[in-house]
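Next up, some structures in C-alpha cells.
One chain, chain A, links the two complexes that follow: it is found with chain B in the first and with chain C in the second.
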Partner chain A sequence: MRLPVGVSSTDFASAVAEFGQAVGKHWVFTRDEDVDLYRDAFSPFLHEAEELVASAAVAPASTEEVQQIVRIANRYKVPLYPISTGKNLGYGGSAPAYSGSVVVDLKRMNRVIEVDEPNAFALVEPGVSYFDLYHHIQERKLKVWIDCPDPGWGSVIGNALDRGGGYTTANYRNHFDSHCGMEVVLPNGELLRTGMGAIPNAKTWQQYKSGCGPWIDGIFSQSNFGIVTKMGFWLMPEPEAYLRGTVSLSRYSDLAPMVETLNYLENARITSGFPDIASPLNGYPAIGQLQLWNETGPPNQTQEHLKLLSTAKLGYSPELEAYGMKSGIPYWQLWLSFHGPAEVIEAQWQAAQRHFAKLEGAKFHVIDRVKLPIDPAKADAYHEPELGVPSLRAFSIGARSPWNPTPSKGHMWFSPIVPRTGEAIIEANRVFSEAARELDMPLFRSFSMPACFWERCFIFILATPVTEDPATNKRYREGFKKLIAIGGQHGWGEYRTAPVFQKSVMEVYSFNDRVLQRFHETLKDAIDPNGIMSPGRYAIWPKHLREKHS
Partner chain B sequence: MNRHRSEARTVHAFATSAAAGLALTVSLLAGPVRAEEPSDPYMGGRAVYTKWCAPCHDPGVIHPGTNALTVKYKGVKPGVLLEWKDLRPETVKFLVRHGISVMPQFRKTEISDADLDALANFLSRNTPH
Partner chain C sequence: MNRRKFCLSSVAAAISGAAAGLVCPPAAGQTAALPPAGSTPNVRLYKFVYDPRHSAGRAFGIAAEHARSTAGIVAVGGDITALWSRDLRPQWTAGGGAIAGMTTARTLFCLEQLAKDHWMRVVIRAEHAISEGHEIAHRLTASEPMIARLRSTLAAEDWPSKMPAALATCQGADGTPRVTRVVGSTCDHRWAMTHEELVSFVIT
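On to the complex of A and B.
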C-alpha cells in the first residue's frame, strides 16, 4: 500500500478502514492496479519518478459521505484530492497536485437534481458530465441548451470550477460566470451553501447569484478550500434559429480594425455567438473547423503558397499578401454566429456586415442558416458544441490520422490570456515565437491565432505534446515554464494550468510582493488548519508543507 | 475554406449513413442507451460501449478512435472496432484499464469490473473461442 508522506501506516490503515465504513469497502481503492487508474493519462512525467500519483482513492455517493470522508481525513491528517470526472486531460486529469493524496472521486455523485425549464437553470452534482446533462434534457424534451467545452465527458461542475469555457453565446460561454449557487463541504466537514442558498428553505438559490454580504463563490474555484457537491447553472433557452457567416479580409493591416469592430459588436450584443478568427492565408483554421481539418485534412496549399509561408515573418510578407489577393485566399476570416428568432438574427447579421463594410474589400458569406432544433443525429454536420451538443470529436487533436501518422501520448495546454487587440495578437506571436524557437518548443512556430471563449480578452490555447521520450518531455516542461515566465514579463498570464505548472503560473501573479498568494495562504490556514484539502493545488500549500514547496 | 467545409459535409453524410453504426449513433444522442432487443445477450456490454466507446469508436471519420485505427491498420483490420473478429476479452480489458495513445484509462467509478466484463464479451462476440 502506498502512503502519504508523514502519515504512519497504522493511521493510514485506520483512515482507509473508516473510509470503507463511510462509503462501502468496494468504493475504496488501495491496490496499485486500481490506484493507477487515477494517474494523469497525459502526464508530462511519463515514465519518470516525479509523476504525481495518489496513495488511494475513495468514491462517495452523497454529500453526507463526502462530509464523513473529510472528517476522517482530518482525524488522521490524510491529504485529499477531490476530482469530479477527472477528464480535463490536458490540465492534469485525475491525478493529485500532491503525491500521496487520497483522490476523492465524485463520479458516483451523478444526479441531475433539477432542470427548471421556465427559469432556465439546472442544479447538478459533480459527477454529472455534459453528456449526462444533455441526455437528461433531451429525454425530457426540455427547451434549454447546455454550453459545453469540446470534450463532452467532462464534469459540468468540474469544468466551471476550473474556469473552463464553451461555444454558445457570450452569457453562457464562461462556465464559472454562468453558475448560480453552490453547496460546499468545507475542510472541517461542515456544509456551506452560497448566495441565496444560505437562507434556510431558500426559494431563489439558482436565480440570484450573490446573496448578501461578501460573495465567496470564487474562492472555491481553482483552489483547495472545499469540495463542491452541488452547483446551479443558468441555461440558455433553446434558440429558434442559428445563423453563421464569415467576414473575409485581404490585408494584413485589417487585423487590428477587424478585432476592434468585433469587440464593439460583441460588447454591444449585436453578435453574441462564439467569434472564431482564422487566418486562411497563414493556414490557421477557425477553432470550429479544427476537427474537420483533423478528420478530412487541411485545405491544399500550392508550392508557391508554402514557399511564401516559409519566408513570412510574423505571418506577413508583401509577397504573401499579394499572393492571397491574387488567389482569393483571405488573410483573416472571422466566423460570426447568431442564435435567436430568424428575423432578429438576420437583422444582427445585417448590422454586423454594415460595420465591417467600413473595411475596404470586406467580403461576407453565410455558411449556415439553421432552423432549430436540429435533429441531434445531424449535429455532426457542425462543430457540435456551438449548437449545445456534446461530442468527443476534439480527440482528433493528437490522435492518429492520415495527417498525423505519429500520435502523441497526450498534450499540455499553454493558454495565456492577452488583450483583445490585433496588436496583441502580433506581439504575442513575436514574443512567443522567438522564445519557442530558442527553446526548441513546437509552439508558435508559424503564425498562431487566439480564441474568443470569453468576452473582452483573447486566449491562445496551444498544445505542447507529451512524448514517449523523457528527455524530450523534460525539455518541453522546462520550456513551458520559461514561456509562462516570459508571458508574465509582458503582463500576460495563464488562465488555468496543470498541477505540475501551477507554481510557475502563480509566480506570475506576483503584484505587491505576491500579496495575492499570501492572501490565499491566509485563507488556507484559517479554513483548513490541518491542510488536508488538495495541498498544493494552484500553489496553495498548507503551513506544514509551505516552506518545502514554495 | 468554405469549399473545404462543404466537401467535409459530404464525408459526414457518407459516414453517417454508410454503416450499421447509425442506430447506435442515434441512440447515443437520444439518451442513455437501451439495447433494441430485450433478448439481446450483449445488452449490458452494448450499453457500456454506447456510453463510453461510441463517441470515439463508432463508424465514420468523425470518430477519432475509428480514424486512428483505420490509419494504424491500413486495411488489414477495419477501423471500426465493432467489426473486429479477433478482439480478445483480455485485450479489451487491458486497453480500457491502461489506455493507449490519446485514449486515457477508465476508472472503476466510470466502467466497473462487471461493466468491463460485459463490454469485453460484447466486443469479442465475433472472435472465435
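On to the complex of A and C.
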C-alpha cells in the first residue's frame, strides 16, 4: 500500500478503514492496479519517478459521504484530491497535485437533480458528464441546450471548476461564468451553499447568482478550498435555426481590422456564436475543420505554396500574399455562427457582412443554414459542439495521417491569454515561435491562430507533446516553464495548467510582491488548517508544506 | 455495476512498462495447443468493435460476424461518438457489457477512458506493431494463460481472423497477475499496417 508523506501506516490504515465504513469498503481502492487508474494518461513524467500519483482512492455516492470522508481525513491528516470524472487531460487528468493524496472520486454522484425548461437551468452533481446531461435533456424532449467542450466526455461541474470553455453562444461558452449556485463541502466537513442557496428553502438558487454580500463562488474554482457537490448552470433555450458563414480576406494587413470588427460585432451581440479564425494561406484551419484537414491535409498546397510558407516570416511575405491572391486562397478566414430565429440570424449575418465589407475584397460565403432541431444522428455533418451536441470526434484529430505523421503520446496544453487584437496574434506568434525555436520545441507549423472561447480575449493554445522518452519530456517540461515565464514578461498569463506547472504559472501572477498568492495562502490557513484539501493545487500549499514547495 | 468484477489493471502494466519478454512463436506449420481454460467462466461479450479502415481490422470484423457468438458487431472509424452515445453509454450505465475489438490505439484510448467512468477496464491488450523487416511485434498485456492462447493465435497467417475467437476466451476476475510479453510473427502483406498501429483488446 502506498502512503501519503508524513502519515504513518497505522494512521493511514485507520483512515482507509473508516473511509470503508463511510462509503462501503468496495468503494475504497488501495491496490496499485486500482490506484493506477487515476494516473494522468498524459503525464509529462511518463516513466519517471517524479510522476504525481495517488496513494488510494475513495468513491462516495452522496454529499453526506463526502462530508464523512473529509472529517476522517482531518482526523488522520490525510491529504485528499477530489476529482469529478478525471477527464482533464492535457491539464493533469485525475492525478493529484501532491503525490500520495487520496483521490476522492465523485463519479458515483451522477444525478441530474433538476432541469428547469421554462427558466433554462440545471442542477447537477459532479459525476454528471456532458453526455449524461445531453441525453437527460434529449430523452425528456426538453427545449434547452447544453454548452459543451470538445471532447464532451468530461464532467459538467469539473470543466466549469477548471474554467473550461465551449462552442455555442457567448453567454454560455464560459462554463464557470454560466454557473449559478454551488453546494460545497468545506475542508472541515461543513456544508455550504452559495448565492441564493444560503437561504433555507431557497426558491431562486439557480436563478440569481450572487445572493447578498461577498460572492465567493470563484474561490472554489481552480483551488483547494472545498469539494463542490452540486452546481447549477444556465442552459440555452433551444434556438430555432443556425447559420454559419465565412468572411475571407486576402491581405496580411486585414488581420487587425478583422479582429477589431469581430470584437465590435460580438460585444454588441450582433454575432454571438463561436468565432473561429483560420489562416488558409498559412495552412491553419478553423477548429471546426480540424478533422477534415487531418484526414486530407490542407487543401491547395502546391510545392510553390509550401516553399513560400517555409520562407515566410511570422506568416508573411509579399510573395506569399501575392500567391494567395493569385490562387484565391484567403489569408484570413473568419467563421461566424449565429443561433436564433431564422429572420433574426439572417439579419445578423447581413449586418456582419455590412461591417466586414468595409475591408477591401472581403468575400462572404454561407456554409450552413440549418433549421433546428436537427436529427441528433446527423449532427456529425457539423461541428457538433456548436449545436450543443457532445462529441468524441476530437480524438480522431490527433491520429496519424499525412498531415500529422508523428502523433504524440499525449500533450500538455500551453494556454496563455492574450489581448483580442490582430497585433497580439502576430506578437504572440513572434514571441512563442522564437522561444520554441530556441528551446527546440515542436509547437509551430508556420503560423498559429488563437481560439475565441471567450469574449474580450484570445487563448493562444499550443500543444506541447508528451513522448515515450524521459529525456525529451524533461526538456519539454523545462521549455514549457520557460514559455510561461516569457509569456509573463509580456503580460500574458495562463488561464489553466497542469499541476506540474501550477507553481510556475502562479509565479507570473506576482503583482505587488505576490499579494494574490499570499491572499490565497491566508485563506488556506483559515479554511483548511490541517491542509487536507488538495495540497498544492494551483500552488496553494498548506502551512506545513509551504516552505518545502515554495 | 460491480466494482470488483474485473481482472487486473491494464494501465498498471502498460504505463509502468512491466517487464517485456520475447516469446517466440511456434515454428511455421506448427500449431501450439491452446492451454485449457481455467475454471473461471469466460467473459460474456456484449459487442465486437473493429476498424474497417484497416485490412486487419476488416478481417477481424468479418471473423467476428461469422463467429458463433451472441455479441453484436460494430465498425468504427476514427470517431466513436455514435457508438458511445447510442450504444455503449446506455449499456454501461445500465450495468456493463464487456467489449472486445481491434481498433487504432487512439480509439482504444478513448474507449478505455470512458470505461473507467463505469468502473470497467482493459484486461487484454495486444498492440500490433510492424517491427523491422517483415515482422509484426505483438505486445501483449494479459494473464499468462491468456498470453499463451494469444501466442498461438498470433502465429497463424490469418491471425486477425482468429483474434475474435481468442479474445472471447477472456476470463473474468481470477486474481491472476497480468504481465507484458512481446510475440513476433511474420507480417503477411494482407495486414500491412501503414497508417496507425492497431490494438486488440477486451474491456470488462
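Quick note on the criterion: the second predicted complex is superposed on the first by the 536 of 550 C-alpha atoms of A that agree within 3 Å, B and C clash if a C-alpha of one lies under 4 Å from a C-alpha of the other, contacts with A are read in each partner's own complex, and residues count from 1 in each chain.
One rule holds for everything that comes next: a contact is a pair of C-beta atoms (placed from the backbone, for glycine too) under 8 Å apart; a residue touches a chain by one contact, two chains touch by 3 or more.
On a predicted model such as this, the values are computed, not experimentally measured, just so you know.
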Query = Based on the superposition on chain A, does the combination of chain B and chain C result in a clash or a fit?
reply = clash
Ask   = Taking the superposition as given, does A:Ala17 touch the first partner, chain B, the second, chain C, both, or neither?
value = neither
Task = Classify the contacts of A:His47 with the two partner chains as first (chain B alone), second (chain C alone), both, or neither.
result = second
Task = Applying the touch criterion given at the start, work out whether A:Cys212 contacts chain B, chain C, both or neither, answering first, second, both or neither.
result = neither
Task = Name the contact category of A:Leu37: first (chain B only), second (chain C only), both, or neither.
result = both
Request  = For A:Arg393, select first, second, both or neither according to whether it touches chain B, chain C, the two together, or no partner.
outcome  = both
Inquiry  = With both complexes superposed on chain A, which partner does A:Leu306 reach: first (chain B), second (chain C), both or neither?
reply    = neither
Inquiry  = I'd like to know which partner A:Ile113 touches here: chain B for first, chain C for second, both or neither.
reply    = neither
Query = Touching A:Asp380, do we find chain B (first), chain C (second), both, or neither?
reply = both
Request  = Look at A:Ile199 in the shared chain and tell me whether it touches chain B only, chain C only, both, or neither; answer first, second, both or neither.
outcome  = neither
Chain touching more of chain A, residue-wise (chain B, chain C) = B
Key: Against chain B, colliding segment of chain C, chosen among 23-31, 95-103, 131-139 or 149-157   = 95-103
Query = Same chain A residues contacting chain B and chain C, which ones?
reply = 27, 33-34, 36-37, 39, 41, 86-87, 89, 107, 131, 135, 153, 291, 295, 376-377, 380, 391-393, 395-396, 398-401, 407
Key: For the chain A and chain B complex, residues of the former touching the latter   = 27, 29, 33-34, 36-39, 41-42, 57, 59, 86-87, 89, 93-94, 105, 107-108, 127, 131, 135, 138-139, 152-153, 246, 278, 280, 285-286, 289, 291-292, 294-296, 298-299, 333, 365, 367, 376-377, 379-381, 389, 391-393, 395-402, 405, 407-410
Query = Any idea which chain A residues touch chain C in the complex?
reply = 26-27, 32-34, 36-37, 39, 41, 46-47, 85-87, 89, 107, 129, 131, 135, 153, 291, 295, 376-377, 380, 384, 390-393, 395-396, 398-401, 407
Inquiry  = Show me the residue ranges of chain C that touch chain A in the complex, using the header's touch definition.
reply    = 3-4, 8-9, 11-12, 15-17, 77-82, 84-86, 89-90, 104, 106-107, 109-110, 113-114, 116-117, 121, 195-196
Remark   = Contacts from chain B onto chain A in the complex sit at residues 1-5, 7-9, 11-13, 16, 22, 25-26, 29-32, 51, 55-56, 60-65, 67-68, 71-72, 97, 99, 101-110
